[in-house]
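Order of writing sets the chain letters: A, B, C and D. Residues in each chain are counted from 1.
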Amino acid sequence: MLAELKGLNEECGLFGVWGHEDAAQITYYGLHSLQHRGQEGAGIVLTDGGRLSGLKGEGLVTEVFTADKMQSLSGKAAIGHVRYATSGGGGYENVQPLLFNSQSGGMALAHNGNLVNAVQLKAQLEAQGSIFQTTSDTEVLAHLIKKGGFSDFKSRVKNALSMLKGAYAFLIMDENQMLVALDPHGLRPLSLGKLGDAYVVASETCALDIVGAEFIRDIQPGELLVIDDSGITAERFSLSTQRSMCTMEYIYFSRPDSNIDGINVHTARKNLGKQLALEAFIEADVVTGVPDSSISVAIGYAEATGIPYELGLIKNRYVGRTFIQPSQSLREQGVKMKLSAVRGVVEGKRVVMVDDSIVRGTTSKRIVSLLKEAGAKEVHVLISSPPIKNPCYYGIDTSTTEELIASDNSVEEIRKIIGADTLTFLSVERTVAGIGRPFEGELHGQCMACFTGKYPTEIFEETKLQLSQKC
Amino acid sequence: MLAELKGLNEECGLFGVWGHEDAAQITYYGLHSLQHRGQEGAGIVLTDGGRLSGLKGEGLVTEVFTADKMQSLSGKAAIGHVRYATSGGGGYENVQPLLFNSQSGGMALAHNGNLVNAVQLKAQLEAQGSIFQTTSDTEVLAHLIKKGGFSDFKSRVKNALSMLKGAYAFLIMDENQMLVALDPHGLRPLSLGKLGDAYVVASETCALDIVGAEFIRDIQPGELLVIDDSGITAERFSLSTQRSMCTMEYIYFSRPDSNIDGINVHTARKNLGKQLALEAFIEADVVTGVPDSSISVAIGYAEATGIPYELGLIKNRYVGRTFIQPSQSLREQGVKMKLSAVRGVVEGKRVVMVDDSIVRGTTSKRIVSLLKEAGAKEVHVLISSPPIKNPCYYGIDTSTTEELIASDNSVEEIRKIIGADTLTFLSVERTVAGIGRPFEGELHGQCMACFTGKYPTEIFEETKLQLSQKC
Amino acid sequence: MLAELKGLNEECGLFGVWGHEDAAQITYYGLHSLQHRGQEGAGIVLTDGGRLSGLKGEGLVTEVFTADKMQSLSGKAAIGHVRYATSGGGGYENVQPLLFNSQSGGMALAHNGNLVNAVQLKAQLEAQGSIFQTTSDTEVLAHLIKKGGFSDFKSRVKNALSMLKGAYAFLIMDENQMLVALDPHGLRPLSLGKLGDAYVVASETCALDIVGAEFIRDIQPGELLVIDDSGITAERFSLSTQRSMCTMEYIYFSRPDSNIDGINVHTARKNLGKQLALEAFIEADVVTGVPDSSISVAIGYAEATGIPYELGLIKNRYVGRTFIQPSQSLREQGVKMKLSAVRGVVEGKRVVMVDDSIVRGTTSKRIVSLLKEAGAKEVHVLISSPPIKNPCYYGIDTSTTEELIASDNSVEEIRKIIGADTLTFLSVERTVAGIGRPFEGELHGQCMACFTGKYPTEIFEETKLQLSQKC
Amino acid sequence: MLAELKGLNEECGLFGVWGHEDAAQITYYGLHSLQHRGQEGAGIVLTDGGRLSGLKGEGLVTEVFTADKMQSLSGKAAIGHVRYATSGGGGYENVQPLLFNSQSGGMALAHNGNLVNAVQLKAQLEAQGSIFQTTSDTEVLAHLIKKGGFSDFKSRVKNALSMLKGAYAFLIMDENQMLVALDPHGLRPLSLGKLGDAYVVASETCALDIVGAEFIRDIQPGELLVIDDSGITAERFSLSTQRSMCTMEYIYFSRPDSNIDGINVHTARKNLGKQLALEAFIEADVVTGVPDSSISVAIGYAEATGIPYELGLIKNRYVGRTFIQPSQSLREQGVKMKLSAVRGVVEGKRVVMVDDSIVRGTTSKRIVSLLKEAGAKEVHVLISSPPIKNPCYYGIDTSTTEELIASDNSVEEIRKIIGADTLTFLSVERTVAGIGRPFEGELHGQCMACFTGKYPTEIFEETKLQLSQKC
């Protein structure tokens, strides 16, 4: 919800299970715990060993999968997907997994990420007579697999993956196997677990926990797993790999109870808060965080500075898609949505307001204003990431460079725009230090392209021009 | 949601506005911010000066009031109501406000609380030929008003109120005025605000904030306000009043950003956490709170003890009424709902788990178990209230005495049942101290009957026998 | 659907069953076959011998009673109701049966008809302190029963019935019995049947047929049946009775497969067509009827005259409540709804168009115009009833006198307005002859007030002034 | 509805309009009048000259196109489709028009019919790497068009059509033109009309009438029309054409107000009734028809024999998809659905029951039984078509040969099975005579394969084995 305010939207979540008689239900609970990664649509495809079948729809997991509909789903294995809320380019067709049945058998695909050469690949395929039903990148892979010359499925998938550039975590299933692939830079998180004899794969470890699965390990960059009734095999489809985990997964997207590459997200955020204390020790009366992602950071800052942490901002829990937005005149009269400042906490106080990032600046401005209207004497804004100056081509909807306030404004200019008394961003170095990944190159195996402009992959002009369709 | 787990359910929320051209919209946003007080149904009745009309329905505010339906609502004044989720005794008829039109004019009523002599009054009225359409207490007042001998509306209302015993906050509206009444013990919160020239009344101050209204004052016990186009008048309909504010409003029900009798709820909870530190200083590694109501308490405890506060428990945000419950076998396999323990935070740690209350003990047991499964070495349970030993007859759904675990178990026995390493309740004295109301008799103007058994009003055998219908 | 065009709307349908383990399902099918009598709302109340419970809702029977909801309904006896589609005065509250539960037991009522002294009774009851939840006449009876001094239910019902004036068929149920009452003029049809050991009561015999029940007899004017587990008893609550069956039931409302007082509706209509042949023998090429009610008439006319009957008009079957009406400009471009003329049948022909009645004349005008646009050379309109000159106060929604085209226009003037080449109404005598009821006074036991102005009951000024709420 | 009973289901309806500012609305009304040809799903695709967009969904036209959704549709031209109700093989994906957008432009297709070489074409295309998203034949044409070597759209379409065998009427649209194609045997009806300056194409002429369009002519076998902003051009894509219009369109599928090749469907049916009188002159008291399609036939028979036509069978109008089917035990107790016999008409009578066809015989058996239970002394069944002995491969869902009762039972055996006193089918010759098409070869340009086994096209073993997906 706040994500929409922020203009920083996640790009889908994946869940798969192989070898469990309650595969559909397990996937339902798994997807439900990944709902924060996408609220536009959800789908599940199952195999019973003979045939692929599935159900998908627009809306939340609980909206798409009603009790009635769940009863019709059965199978021993399943892949599922939640898709993020986009204003354009949506629609039922684009909800995943994509399911293709043919006379020689079926194939289902679910994708998290964004390909940077999708435009080129699609043009080549269309020139060869391919017809695309969706506007998503994912269908490109389906066509590449289908057209691949090799006779066995795994070889065709490997060959197809070798043509892709960009960020991707893929779950691919036919009647008899589930393939799990992660791009050579490992830009997106993907973890493997075990639930009794069944294997489970999920975008975040919170989904393993929620279904009672035991964490085994994270999928490695350039890795391809094949899971079938005889067990699991792993191989590399790319020799040139370099982990570049998306830093925003720690800072903003993932659930605090998930671990990414062994690091707990809540703990990372709390440590970012402690790093912020090193960056700027503000004279203030209370620390408050913007719910939900910045609460851990605020607590870390409070712990490091001794300034008491308070609930200065409250999120309206029941704001859903059917919430009626106040008219302009009502908004001017002060009707609030989504977020309220707690007068009893901030009135007359010097307030430290901690947030995770600034994209367009409009949300920050609104929150500073809420706090001041509620009587805050001073509002000091601390951001637990560096300024976002560059668009993401790997699946995060940060739109274009022009919309990024930090792309052509100094910190002081941003401070003025949002109306804060002081504004502090975390440096790149302290961001790395706060997250605390072990050494794996200069940036400790993280992608920081949105802060630094150093993209781990090629970026094409076509990609920049055409805002391509994610997952 | 967690409320259902706990077996401690709130009893409705009220919102009213007089003299605003956007009365319907204002009430929509007000009710929305009170949604935590009741999710079963919602309704709004409006007057345009000539006729009462309204809309109500089962479900959340955003479900009942769609954009389409809001367009059909207009008027210069409105009263609204949200009703709590009960398993039995629900139904469209019981959704409030109740609206009665007659040849001589209309009347609408909205109620928060519970009458202790409703059974008797209803029997008398039925013996006199009255027909009840609902099973709620509220309709009793309507009949008493209707049957009242006086010619003017206010006198009939006052006469009717004088026959009621128990807890009630009422909004009563006819075509030309809105009446606001609070029982002589002031058991339920009710506040008055101003929005431009319009008057606003709400169960909690958070609703005043959300619509941009300025807080004026809390309604006093035994007070009757009359608001009409000529302004506002206040009088007492009872001379024998004694404030006995429901303590659970501070501890559990109200939103942290609300103030009750001038005391901010978040702040009160944080102070209860500090009192808990005096009650029991646990040797532990982390403090965690059960979301949402106990987070403030946990932070207070952490601040007072220096033990770091961590996000050890995560609430599943998207669990709604359509969420499919895991089957027993899936639950045994570990599928979780509503709440997850954060392994990365609690594994190998001595954990202080702070919660606000224990009703039946089943929720506490489940959470302790979640934490231990996630690797917690020790789980120390701290409760920010005394043991609940007595049922509430004033509108809280604590069911019967038999279901209250503390009614016939010692603290040590409860500790064993819930599987905690230690268990600490806050004493009555420290609860009073933590909330920090100014002196107003021994209990500082609070009702603590559920802890102490000292009810501020008469309690009749009939009330005990028949679990009457709240609001 | 066409009814709406015509401005002549039916006034509800009743169905009851006592002593069948599938009472809810039986009532569902019964109401479904009575759906033509009302599409606004539907409800069922059941007794299991101990408690009344029910379900009702706005919409069609199949919309209100979904498979899910039917599962929750059980009992050994049930009464059900379908309510007609009105633009104003609707709403969930007015959907029947009305169900009243009290500490001393419950009562449910379902009504077909209209009371002519409801305004007066309601005023008296309100003066005595009664509160009305609905705007329907039906609730008046509930209050009269409740207030009745007698100790047993039947005596209180009889006493209450004695105060009513107007048209009514009532089903009244408490936990242990079902009471069936018909007004002393027997204005509305009501029949008794048997289904195994169970008794069934329905507004039309088609509902007995559809559930497989055997017809026993029609309920007599002024009769009160009591059905309970020990069987059935019948008595008269009024000594002054005179059957005055609504003539429009034969002409327009009832299903062709129903029998009213032993006369099949389709057969009566066909005979009305034969009477029309005596009234006017038109030189024409084809006879066509306005679907659905006038098809039988047209066939009778064709049979009597030898002019071939053809399908000159087709009803659009799938026009439902969600059908989007064409805009004015589209209508002018010729977009049609509900009814189409069959060019292949009428082009170049002299057409006899048979309809059952003319209320406001707008529908007739539209149909004549449709036929002429489709190429009809001449259109001769035959109406199987006399001109409707007077409003109905017994439950038919013919609105006010002003709206009745025949109230101040001669037949020749109406002919000009509707654009027909000739226009013929059936005389009162031939209408009586066509229906063919046995002799029972001058009008053979029929009410013909809408044609003749001779009302079988008193009509009060209040009734005329205030268009009261039917059933 | 009855269609389902009968096991004889239609195969979709088409509607298109070019050059009208209300193209979406026009198409809505057109599809609505074709709803009898398919109730499973409906869709509309529009072009605004620059881009194709559309909306489709499962359900009735009025369910898919709500007022809200219609507002979002605009364009100067549209093609629409209604799809028939099938138990398997349905789903959102298969709802038409299919819409394909690519980097070089879009294409939309709507289809009525069935290809007999779809299996082979699909296998070839999949071998070449094509991926199919649907299970419908229609997508085959899309791939053939896409893969076609020619540069202009029309040439690619013509080339693709030349590869198809079977029955098809196609509407194909890109941003700038609408193409209309009919198979070389003209197995399906398709007509052209004009609405002001706009062109309209529809499966039946009733849709032209309903939108106020003037009929121009029927599309000819092997014809391809191109309609764009500069007007209309027609050409043949096949030189070897022979009209073989589906005879069941006259007998069963089409609306009585439609004309097919200049012959009105109601009139054809009435004449079939007159031919039945030549086939068998039954000594009987009443003639009745099975609604809706056999009523015209029954009237023709009555007219020819002088036996009076009566409404002996009534269809339940409000049976929809949500209707709850009676349990087996309730059905045994006599609960009826969909169809009722009118006791008042048939009791004690010798009844002629006219129906259009017998597929599996179960429906006929049920109706004979209904009539006998309602007291019919004798039931004589007259069928206005010859026995159906062979499956249809051109889009009618007559299932397999084994299910056709006439494939291995004599007329006398069928009579016994359905319990009729006599049973008469119309001969092939009299069927041809009744319909009355002008001479165009032995069968007057009709396909009678289901009666005679003489298929106008090749039929492949693959087609017989695999029940392919229609339209």
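We adopt the following convention: contacts are C-beta pairs under 8 Å (C-beta built on N, C-alpha and C of every residue); 3 or more make two chains touch, one makes a residue touch a chain.
What you see is a predicted model, and the numbers here were worked out from it, not measured in a lab.
Chains that touch both subunit B and subunit C: there are none.
Distance from the subunit A centre to the subunit D centre is 49 Å, each centre being the mean of its Cα atoms. Measuring from the averaged C-alpha position of subunit A to that of subunit C gives a distance of 60 Å. Taking the mean of the C-alpha atoms as each chain's centre, subunit C and subunit D sit 36 Å apart. Shared interface positions of subunit A, i.e. residues touching 2 or more other chains, are not present. The set of touching chain pairs reads A-B, A-D, B-C, C-D, using the touch definition from the header. Contact residues on subunit A toward subunit D in their complex (touch as defined above): 92, 100-104, 119, 122-123, 126, 128-133, 135, 142-143, 146-147.
Taken in their complex, subunit A has these residues touching subunit B: 22, 25-26, 28-29, 32-33, 35-36, 60-63, 65-67, 70, 195-196, 206, 209-213, 255-259, 263-267, 270, 292, 295-296, 299, 303, 308-311, 314, 316-320, 322-324, 326-327, 329-330, 333-337, 340-345, 374.
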